[in-house]
Amino acid sequence: MDSSKIKKILESVKAGKLSIQAAFNDLKHLPYEDLHFAKIDHHRYLRQGIPEVIFAEGKKIEDVLRVAGSIYVKNKKLLITRASKKIYNRLNIKDAKFYPMSGTISVNKEKKKTGYVLILSAGTSDIPVAEEASVTASFLGSRVETVYDVGVAGIHRLMDTKKSLISAKVIVVVAGMEGALPSVVGGLVDKPIIGVPTSVGYGTSLGGLTALFAMLNSCVPGIAVMNIDNGFGAGCLAHKINVL
Amino acid sequence: MDSSKIKKILESVKAGKLSIQAAFNDLKHLPYEDLHFAKIDHHRYLRQGIPEVIFAEGKKIEDVLRVAGSIYVKNKKLLITRASKKIYNRLNIKDAKFYPMSGTISVNKEKKKTGYVLILSAGTSDIPVAEEASVTASFLGSRVETVYDVGVAGIHRLMDTKKSLISAKVIVVVAGMEGALPSVVGGLVDKPIIGVPTSVGYGTSLGGLTALFAMLNSCVPGIAVMNIDNGFGAGCLAHKINVL
Amino acid sequence: MDSSKIKKILESVKAGKLSIQAAFNDLKHLPYEDLHFAKIDHHRYLRQGIPEVIFAEGKKIEDVLRVAGSIYVKNKKLLITRASKKIYNRLNIKDAKFYPMSGTISVNKEKKKTGYVLILSAGTSDIPVAEEASVTASFLGSRVETVYDVGVAGIHRLMDTKKSLISAKVIVVVAGMEGALPSVVGGLVDKPIIGVPTSVGYGTSLGGLTALFAMLNSCVPGIAVMNIDNGFGAGCLAHKINVL
Amino acid sequence: MDSSKIKKILESVKAGKLSIQAAFNDLKHLPYEDLHFAKIDHHRYLRQGIPEVIFAEGKKIEDVLRVAGSIYVKNKKLLITRASKKIYNRLNIKDAKFYPMSGTISVNKEKKKTGYVLILSAGTSDIPVAEEASVTASFLGSRVETVYDVGVAGIHRLMDTKKSLISAKVIVVVAGMEGALPSVVGGLVDKPIIGVPTSVGYGTSLGGLTALFAMLNSCVPGIAVMNIDNGFGAGCLAHKINVL
Amino acid sequence: MDSSKIKKILESVKAGKLSIQAAFNDLKHLPYEDLHFAKIDHHRYLRQGIPEVIFAEGKKIEDVLRVAGSIYVKNKKLLITRASKKIYNRLNIKDAKFYPMSGTISVNKEKKKTGYVLILSAGTSDIPVAEEASVTASFLGSRVETVYDVGVAGIHRLMDTKKSLISAKVIVVVAGMEGALPSVVGGLVDKPIIGVPTSVGYGTSLGGLTALFAMLNSCVPGIAVMNIDNGFGAGCLAHKINVL
Amino acid sequence: MDSSKIKKILESVKAGKLSIQAAFNDLKHLPYEDLHFAKIDHHRYLRQGIPEVIFAEGKKIEDVLRVAGSIYVKNKKLLITRASKKIYNRLNIKDAKFYPMSGTISVNKEKKKTGYVLILSAGTSDIPVAEEASVTASFLGSRVETVYDVGVAGIHRLMDTKKSLISAKVIVVVAGMEGALPSVVGGLVDKPIIGVPTSVGYGTSLGGLTALFAMLNSCVPGIAVMNIDNGFGAGCLAHKINVL
Amino acid sequence: MDSSKIKKILESVKAGKLSIQAAFNDLKHLPYEDLHFAKIDHHRYLRQGIPEVIFAEGKKIEDVLRVAGSIYVKNKKLLITRASKKIYNRLNIKDAKFYPMSGTISVNKEKKKTGYVLILSAGTSDIPVAEEASVTASFLGSRVETVYDVGVAGIHRLMDTKKSLISAKVIVVVAGMEGALPSVVGGLVDKPIIGVPTSVGYGTSLGGLTALFAMLNSCVPGIAVMNIDNGFGAGCLAHKINVL
Amino acid sequence: MDSSKIKKILESVKAGKLSIQAAFNDLKHLPYEDLHFAKIDHHRYLRQGIPEVIFAEGKKIEDVLRVAGSIYVKNKKLLITRASKKIYNRLNIKDAKFYPMSGTISVNKEKKKTGYVLILSAGTSDIPVAEEASVTASFLGSRVETVYDVGVAGIHRLMDTKKSLISAKVIVVVAGMEGALPSVVGGLVDKPIIGVPTSVGYGTSLGGLTALFAMLNSCVPGIAVMNIDNGFGAGCLAHKINVL
């Protein structure tokens, strides 16, 4: 497209249809548009089924609804994270699905899912973050399986997931408190592991910093660590790896 | 193997060659051995060409040399990180290569490399960490390309790597100080990006914590973040993703 | 039990009642079950009178009530921590007792208590955490005595407890602000001491971190330190030590 | 004024109207008044159109209204930051303008604006802080242009502002999360850049500390950094530089 | 003794041998001496075989040697922690044993050891701290067993210690980096567990704070946590519990 | 009193009215009572006009009222800090005075005040803390003068207090934000200065830690620093120094 | 230049001297070159007398000397910061001047200096950082005046600089410990003020964080704050403002 | 002096010897000199026997010696803190006394000491800081008594100092690790107490921050807290209080 545009200008110059000055004026703005290969990537991204995502927390309902409507009209797909039930209720889109634990709203009629993303949570309180990761990756087109409440205090529960652990292409491990689960999972399999620390805990859990630092210091090399409670980021990375 | 072992015991019991008590004693230790599917993974890992890696920092030279010798004899491959020139000089292994900036020693005659891992560093002071990532991924079997000194203060330098950015399967971005490079790179491409904060900087760089937190808070979703200066971990994760 | 199960399988194989393949299928899941020696411990634990404990904070009342009902039906015992009066009022269990300061609900008809756990609090504001420790240890079967408001600002008050200090098998010391009480108590007796920092204080009490760090740095060697406000953990450890 | 006062005393002494002791008593308090050159600066400042500014957050509405009235009567100009709509509604001043995103109230009929302050925000959530900076600088007499949502995740959006970047006399860059935008802008132009970190983000954004530290560690030398969310300070500094 | 002293005074008063004033003078200092029940405890402690312990770090060799000599002469037992080889070489005590990894010097001819303290270390770099705990508990009279390098990255290695885990009366778990081992061990057994975080690691290990906080936030209730690298404290507490 | 008690016992023994065993039983508890010299101090303290003080924050109104009534009945004096208007309204004590900015309630008919405590506040937002210090010191019997809003941004305002600065026996300086005022005051006078950091500020004021650390690092040697917002402590120390 | 290059290509196309494909190939790289308007700025910057600056700390002497030689040959100007005397001695450049307190090496024969940058230091220990700022701004072409040791503990010393304070166009204030000087200076004048916190101090100076946070929280609005010890950055910003 | 200067000017004006303009010129600089009442204080301070004090740490020996010589010549008194033996050896002043633990050098022939400052240290490792406080207060003219090693782990040792505790006018309490001693002392006496946290400890002692925060959070109201290891500041404050 960009290429053809440049060539068209050149041809017009050659054909004498475009003055050099006019051609120059057209071309001097091209660099920016070409830099837009990022934007073009973005378009490709859209074609791959990933429209813009709305982070609803702290935004006004009206603003969220307006942007959501605009995205849905254009893409027929929609993902809103950290949304309230209220937003969902006022969102006039059939097929929209609300995930109450994480406050995620997803609209995507496309049923085909590829690969295999396994998402584990250490405790039941970590499920909202795991759900956000799960809905995100699934929305983006990944096949997702979730196994909750397999924390290290009862290591045998984790063993039940052995088959899933071995089959998955990439594993997201969500854990708060001491954040030890990614290390234990990482000791069992050689797949890329994405650790997501959560703010679950009190006192020295420091709002999730302890779980975060624990994951960054895992004795298993190469755990990919996300920001605290960032299930959305984990879902994105898992999908990017899963579609390789 | 484990399966055949269990079946052999059962057959011996059926055949009356093994008393129930003796079979029971054999079996009661099996769980642990079966749990060893991790260990088996580890063996498979070895067969894939990834022997145990030695972290030399803070260890006695004699200990490092002894373990290194033992690993090399068994695997014909060897990776030592954070090693001194002294260790390299006393290591009696032909084909061992020493990377002085990162202090990495690598022995691996296997020349075939697969995929495409791109490793960027923001500044020249970040090169040691980038080198550790590069040598690690290469040692594990990945084809690696490195581009150094493309920090955000001169964003045009990064644009020169556009072709590499688009071609790579996974990109490792090493940056200290404000740690902004992964965000900028992540805004340009949709590949999995691994951010490695370094301890380069002074004052409020807080030994790399600032770069770390910046990467965890990237406005680009899904950057995989490593511990500070952890080039080895980045090399491992990049390779795991690269071979998918 | 597990043993008998394995032997029964072996006997069935020997007797030809079970094919080797069927026996193999049964056995291949045993490792996990055997790993369950943790679970078996857990069963033993239950037999000792310690059913699963519910941490109610942040959970929905309905969920807490449902799990509580299920535990009570099975165990005839129940411990809920960080619960509201509301939960207690809707909990339809005779003999349930509510401790309003700590929000603990305890159901345990078993009256026999063993050993001697002494629980001290530095100030009156630390009592909720001390109460949680006390109710927990008592619920688990320990004989508990509590002495409140014996902080170091009036060291003579502590001296009144001399007799209790000498008689106790293990001492829990709950303190916020500067967290000095465990050191003073530890200087007086040679029993195991469990320090519980509380979030009582303001400014540089840093939500309890100051008391926590003070206890970890006690000039008395070997104080067992808990997370901030973790009366439940202290009650568990005190009981574990008390029943040795 | 001060000068004339001193001279008048001296003249009275010379004329014998004032005893040396009385003159001494008058003069010994002068130093302080002369020290008032700061206060005189303040008066000059007022004459330049900068009356006292009210920080309304945490103050009682009545107090704010009373002080505001008094300032307005005296200066015919008024700036209130971090104010609620309620304050605006009860403020009985024609021409008062309320900026709801930042909660700024500005009264200044003077239309003439000088220089060129460019204010950029990385994301839409950073706009309130950018608006505070913008209203402040404009109130003080600077010509201000704002460009919002040009964060580094889509670097091409920033390129659209190229012309503004080159024309501005001083640039305020407002960014939360990883705070990378000042570095990127600073790599493109050689104007004084004022970085304002915002508390936008969660987890390891640490309430804005991460963006703050990132800006302080910029690889571009000489970024002027403000306290977190301090749009008012940025507006003041931008104006001070802009009027040089 | 104190009792007899008081009674003797009273008898002297009754017998008229001592004036009331003189008796009063004697008695008015008693309270303090009675408070000495702490000191008496200390004496009892000595009788139990626990003489004063020397922390050699940062002390002058001459001072350490002088105090050590004095303690040894009085108690025939001696424990010095964080000592150099130099101190050991100049210490003129037969039977003194030097533990080079932890720098502990122990002199105790008493061979009888009681109970069973199990000490685990996650990695090989954690051994110095584990050794300090081990030598301390052993010095105090506990039977100690050590198992090193059973970290969570290879959970199967821990399973090998199953028998020891079940038999021990109290378990010390030493771990750096993410500090996850106490949680995993605590999920397997119901014995009192003492977690000792170490400063092993770099970057976000924060000199051991990450391991410390992880242990304090263990999902297993009631882990007794020590200060970073405090093997001595762990040995003391383990012994106190072990002798109950 | 204690003395007379001991002598009475001795006399009874001498007179044969008390058996040695009974006397011994009486005396063996004396140490503790004698240790009570702290308590005796406390009584003396009361006689000096300082009854127990109630910190109302986080306490139930009923509890506060009950304790307050009991103290008032006994001492005819009463100080309650961090109290609500509600408590004041329900407190049935004539002459009770409520200070709404700091939430302090003071009852003390004694009008005589001694010495001279000067209390300065940097800004108007610091007044609540300054008021708490002022009411406390005054309640304890010190003559107090307060000067508010003399922060370093307008150093000339401070100069107006020159006479007070020189006359005061001890100076309390209350400041939030950058906490610079104690340094400036300390550079002007040689009286003991008590610095009280406040939580006034946002962002990097870190809830008062910045002001606290600034005061601890004052280039003026010997500033006495209090916990954040601790006006009560400052009032106590100021009074203790003032009455020397 | 870029313009002429584009026009030349267009002319060649028009003239038939360049095929459309060849012209396209030339043009498709232009965007990046045009993006180079940053680079062009950089060139202009060079023409203004500001060559690349070398940060020598942590770099090898050989590397520093090589880069320095290359810069000097090209620009006839050279600035090296954080350099050792050793580097200076081996640097074979006449007119090079070494500033030993800050370790700055400056080569710039251009004598003409413009504007007026005033640089103050609070204490004598802050002079190295002040010197770095001074040498940098002077090297870049600013007229610089320095006044050292005017800290707030003796506020009268600052008053001596009144004339300089009023005359300067921009003021750099360097201070460690409590970092109060910028606030006091900012209260006296209305010029742009650049605060540079230093790591001077111990304990709670936290390596300069306390001074940094104090400056960010100044009650004087709009202080431009630099990273800790960043005299170079302050010199750059001061110059940028000074040449406006 | 200042007074006489002003009067002399006035007299010259009256006498017609000085024109009003000339007098004005002289007087307009007076304010600053009058502001010097701080300086005058300083002179008075000198007259009271307190010359300028040298903080030698990080300064060059030559600089220290030169300033020391100059001070000594002028004042016949000299105090140097944090000095090496080397400085002492090269200091050519008879009567100079070196305190090796704290590195303090004191020269003051004045033997008369007033008041009573009691200085306690919790452990033997805290003695250097206690010694610095002691030498400082003594140098300034206070009578000082020191009692070392009375930490809270053996509270009875503190009781031995009862008489001193009651007699002292002000008490300095030096403690590292958990910093609990000031609280315990403060619970026993009603004198002003100055707490000095030390950096003694490891791990979570955080270089003294834990002791500092503990003291700031003391349950005893009004402890005056110093910066970490700041024995000098404590000595100054103790003296200021002691001479009231």
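Letters A, B, C, D, E, F, G and H mark the chains in the order given here, with residues in each chain numbered from 1 onward.
Basically, contacts are C-beta pairs under 8 Å (C-beta built on N, C-alpha and C of every residue); 3 or more make two chains touch, one makes a residue touch a chain.
From a predicted model like this one, the values you see are computed outputs, not experimental measurements.
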Where chain D and chain E overlap in contact partners, by chain label: A, B, F, H
Set of chains adjacent to chain B and to chain E: A, C
Result of counting contacting C-beta pairs for E-F and A-C, higher pair: E-F
Interface sides of chain C and chain H: same vs different residues, half threshold: same
Rigid-body rotation angle, chain F and chain C, from Cα fit (steps of 5°): 90
Length of the line joining the C-alpha centres of chain C and chain G, rounded to whole Å: 60
Inter-centroid spacing, chain F versus chain D (mean Cα positions, whole Å): 39
Gap in Å, rounded to a whole number, between the CA centres of chain H and chain F: 25
Of all residues in chain A, the ones touching two or more other chains: 32, 35, 38, 154-155, 159, 162, 187-188, 203-205, 209, 212, 216-217, 227, 230
Which pairs of chains touch, using the document's own definition: A-B, A-C, A-D, A-E, A-G, B-C, B-D, B-E, B-G, C-E, C-F, C-H, D-F, D-G, D-H, E-F, E-H, F-G, F-H, G-H
Residues on chain H engaged by chain D in the complex (per definition of touch): 3, 6-7, 10-11, 13-14, 16, 20, 23-24, 27-28, 30-35
Residue ranges of chain H in contact with chain F within the complex: 35, 37-38, 41, 44-45, 53, 159, 162, 166, 169-170, 187-192, 194, 212, 216-217, 221-227, 230, 232-238, 240-241, 244
In the complex with chain H, residue positions of chain G that touch it: 125, 154-156, 159-160, 162, 202-205
Contact footprint of chain F on chain G as seen in their complex: 122-123, 151-155, 177-180, 183-184, 186-188, 201, 203-206, 209-220
For the chain G and chain B complex, residues of the former touching the latter: 32, 35-36, 38-39, 42, 58-59, 197, 199, 207-209, 212, 227-230
